[in-house]
Amino acid sequence: MGRKLLLEHINVPGINTFEVYRQKGGYRAVEKALKSLSPEDVVEEVKKSGLRGRGGAGFPTGMKWSFLAKPEGKPRYLVCNGDESEPGTFKDRYLMTHIPHLLIEGMIVSSYALGANTSYIYVRGEMMPQIRILEKAIAEAKNAGFLGKNILGSGFDLELYVQPGGGAYICGEETALIESLEGKRGNPRIKPPFPAISGLYNCPTVVNNVESIAATVPIINDGGEEYAKIGIGRSTGTKLISASGNLNRPGVYEIELGVPVEEFIYSEEYCGGIANGKRLKAVVAGGSSVPILPTNLILKTVNGESRLMTYESLADGGFASGTMLGSGGFIAYDEDQCIVRNTWNFSRFYHHESCGQCSPCREGTGWMEKVLHRLEYGHGKLSDIDLLVDVSKKIEGNTICPLGDAAAWPVASAIRHFRDEFEWHVTNPQEAMTRNYGLAHYADPLPKVEPVTAS
Amino acid sequence: MSEKVKVTIDGITIDVEAGTTILTAARQIGGDIVPPAMCYYSKLQGSGGKCRTCLVKVSKGSEKDPRPMPKLVASCRTTVMDGMEVQNITSPEVIEARKGVVEMLLINHPLDCPVCDQAGECHLQDLSYEHGSEATRYEFERRTFDRIDIGDKVQLHMTRCILCYRCVYTADQITENRVHGVLGRGDAAEISTYIEKAIENEFSGNVIDVCPVGALTDKTFRFKNRVWFTKPVDAHRDCPTCSGKVTLWYKGEDVIRVTARKDEYGEVEEFICNTCRFDKKKTDDWVIEGPRKIANHSVISANHYEQLMPPPVLRTNPALREANKEQFERTTKL
Amino acid sequence: MLKISETDEIVFAPELITKFNEIVSRYPEGKQKSALLPILHLVQAEYGWVSTAAMDKVAEYLHLKPIEVYEVATFYTMFFLKPLGKYVLEVCRTGPCHIVGAEKIMKHIEQKLGVREGEVTADGLFSWRGVECLAACGMAPVLQIGPEYTYYENLTEAKVDELIDSLRLTTAEKPQIN
């Protein structure tokens, strides 16, 4: 069994209440930080832990914190990003539902480290039940003296509020989230300036994912070095993986980074294999934005090494043969799933969620969706496949925010690895309407890489 | 004196004030290396960054940190650093990306230039002529909207809009009460008042001038004439509301349109009031200053043969001058 | 049933204004625009949808131009800008839900209710629509019902029937299904 740092007490009855959470050692991190550490010490511990942003980008949290500008006379803000909307990702919802005080505790510790006296937890509006849960938890924490003025006599003040979103995936992008929190349309800002210099209300701001904030609690309790001992290389600590799709046991799992992908899918400790005795066809390993990989590439790298659940191993091979850990939204597809249909579905999502501010994304996402729809419904042309690749390239890297890339990658990667399935939809349109392409060769062992020798 | 920084754009080096954007620096150099801009407008705070036509490649970040920037950047919103090296038309990557942006801007554009009042002074038209490809690969129905009147003088033809947000910034920054904005999202976003509402404001007509395409047009000029058949003349009047400095557009003896004075990038020198724009259409209302200089690349300058003909190359190259002797004499006589 | 029609004048009840005031107090002085989204949620919960008249009143309350409210309300998909049924069944249609049968569920709801996406049943009780990822992929397929956005997970056609039937039976209290 891997170590559980976030979900250790998840099955304890009443852990969502302050009382039980406290009994189980909750709010020790707040006591430790406020009574015995300076804000700089807390930042240092988080740096030492090697914690990387759990929302998707994987940027080192401690380094992000150290970029925060500290001008005189200007407040600083910590905003927690609970806008979880990446298809395949539902870990933050799980955490907020079942162990809300872990997030509150993390918010207090992190706000103290950053010198923020007002912090916001931005939660997507659809998670109204979680918003209620957090509001209740905040009230309990405040009642117990962990929020408000002069917390634990340390002189540190903190007010914590929950802000609902309104239904927009783009608000998971930190500057769009800030705009939304200011009561505006969720149009991402043009950077620079970065939020660390000018964010919420033009003040220095840090935006962190729910899981990143929660992870600061075990980091402070056990020390950054202890945390960094878990995992492999620069992938330290534990990560919540949201497993969904055609799995025997979908759900949220806390893994030590470094678990082999194969073990994660098939072992009884985690997903328990593919549902209904089917075979695995493909995996989206880090939320819908990251490249989809066929079975043979997700289980092993091109060099024949076992692929691990780490930032580095999943990215091994670059976009040619690798993918990304992203937000840890792990979607498994069995042999009955149609990759063209799935790509069209994702494409519709990005089309629907594009904010419309910059032209390549606004126009390109809709264009890709229409072409994919045509392919899926048997009216495609072979040239459509190259057209999609080209349109995705015209979007990728040319937009204000990463949504353009996120829309381009699933399409480009699906064609890269499943091109014959796309072609089959064009050459056998009638058949494609009645059955799926199936597993084909996507799980076949990869040919050995032949060493290239100079002649 | 403020600090100067050195920036090199397509091999041409210039010293500019610290804090200048790449686009502004390029405009200070001038010529072909100036990136096109469809949404940026120097007089409107916060504008730019959206259309992505001005993307350039930063091949060297600065003297201090020479690493190139990982992605193409919007030159209108990226500040130059000392020692920065930028590639615009010398980068195939930029040319390709720009072509892509133009294609994106056109897939939902109606291409109704033959009946569009903006034709001839439309930035999208110029942009696609210079950077686009001749055929579209888009085979689906284009997005359409109904034409609506916002007030009795301005028509909004949303189908042509490229969502540059300039008109929104204009209403925000030079009028008291903005009543139109961007509604909806993604490719369903539109410029609208939401509920039918007239834009009543002394400066509302400026949205026509800032619009890079034919989405906001002057109803008093609608279908009056093609802009390249009209002659622009600078004039002024003593106006209590605005500077009164305008361009009058003549068809024969008649003033058929009044606009603000626009520079070579299509930006107005000064915003003008609605009285000057819509109500003063007699020569008697104005003090005439002289012909408005129009950039050579504009079709409007087709009427200004004195500027265009003969092409400069004929004046300077003796061999060509000799070969075109007859034409040269004819055109210089005019 | 809906409390207001498209033309009704709106006067916010004092209790609602109290809630608004509390929300505004969460932000620094002069940043009351931040309260816009939470307030729009309250307005929708109160009236069932967000009418122009309501938006104008919100603008007045927050000292905003009406267009600023329209811009925001039309950007976010959770706000209903026309009256819908008392219960709006919002079915996730993205990725993981899609591959385990979201389309079948939507088709079933359409047949069961006899109205197309975005329409209202004759009794005014129900509407349905497909929405993008609800972040409950492990419990797919899922749907949510506002204003408290209760999630109904691991849907089957039988569970949907049960849900709709029980909602029909009691319009006062929102029932739970397993």
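Per-chain numbering from 1; labels A, B and C assigned in written order.
Note that a contact is a pair of C-beta atoms (placed from the backbone, for glycine too) under 8 Å apart; a residue touches a chain by one contact, two chains touch by 3 or more.
Because the structure is predicted, anything quoted here is derived from the model rather than measured.
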Task: Of A-C and B-C, whichever chain pair has more C-beta contact pairs - done: A-C
Task: Most central chain, judged by mean C-alpha position against the global CA mean - done: A
- [ ] Taking each chain's centre as the mean of its C-alpha atoms, give the chain farthest from chain A.
- [x] B
Open item on the list: Averaging over Cα atoms per chain, report the distance between chain A and chain B in Å.
Closed with: 41
Open item on the list: For chain A versus chain C, what separation do you get between their C-alpha means, in angstrom?
Closed with: 26
Task: Between chain C and chain B, distance of the C-alpha-averaged centres to the nearest whole Å - done: 42
Task: Where chain B touches two or more other chains at once, by residue number - done: 182, 184-185
Open item on the list: Could you pull out the residues of chain C that touch at least 2 other chains?
Closed with: 71, 75
- [ ] Provide the list of chain A residues touching at least two other chains, using ranges where the numbers run on.
- [x] 168, 185, 352-353, 355
- [ ] Within their complex, state which residues of chain C touch chain A.
- [x] 26, 28, 31, 33-38, 40-41, 62, 71-72, 75-79, 93-96, 98-100, 131-140, 144, 146-151
Open item on the list: Under the definition above, what is the set of chain A residues touching chain C in their complex?
Closed with: 75, 84-90, 92-93, 118, 124-129, 132, 159, 161, 163-169, 180-186, 201, 242-246, 250-252, 284, 288, 329, 331, 333, 337, 341-342, 345-346, 349, 352-353, 355
Task: For the chain B and chain A complex, residues of the former touching the latter - done: 48-53, 55, 71-72, 74, 77, 79, 97, 100-101, 103-105, 107-108, 137-138, 140, 162-163, 182, 184-189
TODO: Please give the residue numbers of chain B that touch chain C in the complex, ascending.
DONE: 177-185, 193-195
Task: For the chain A and chain B complex, residues of the former touching the latter - done: 168, 185, 190, 192, 351-360, 362-367, 370, 387, 393-395, 397-400
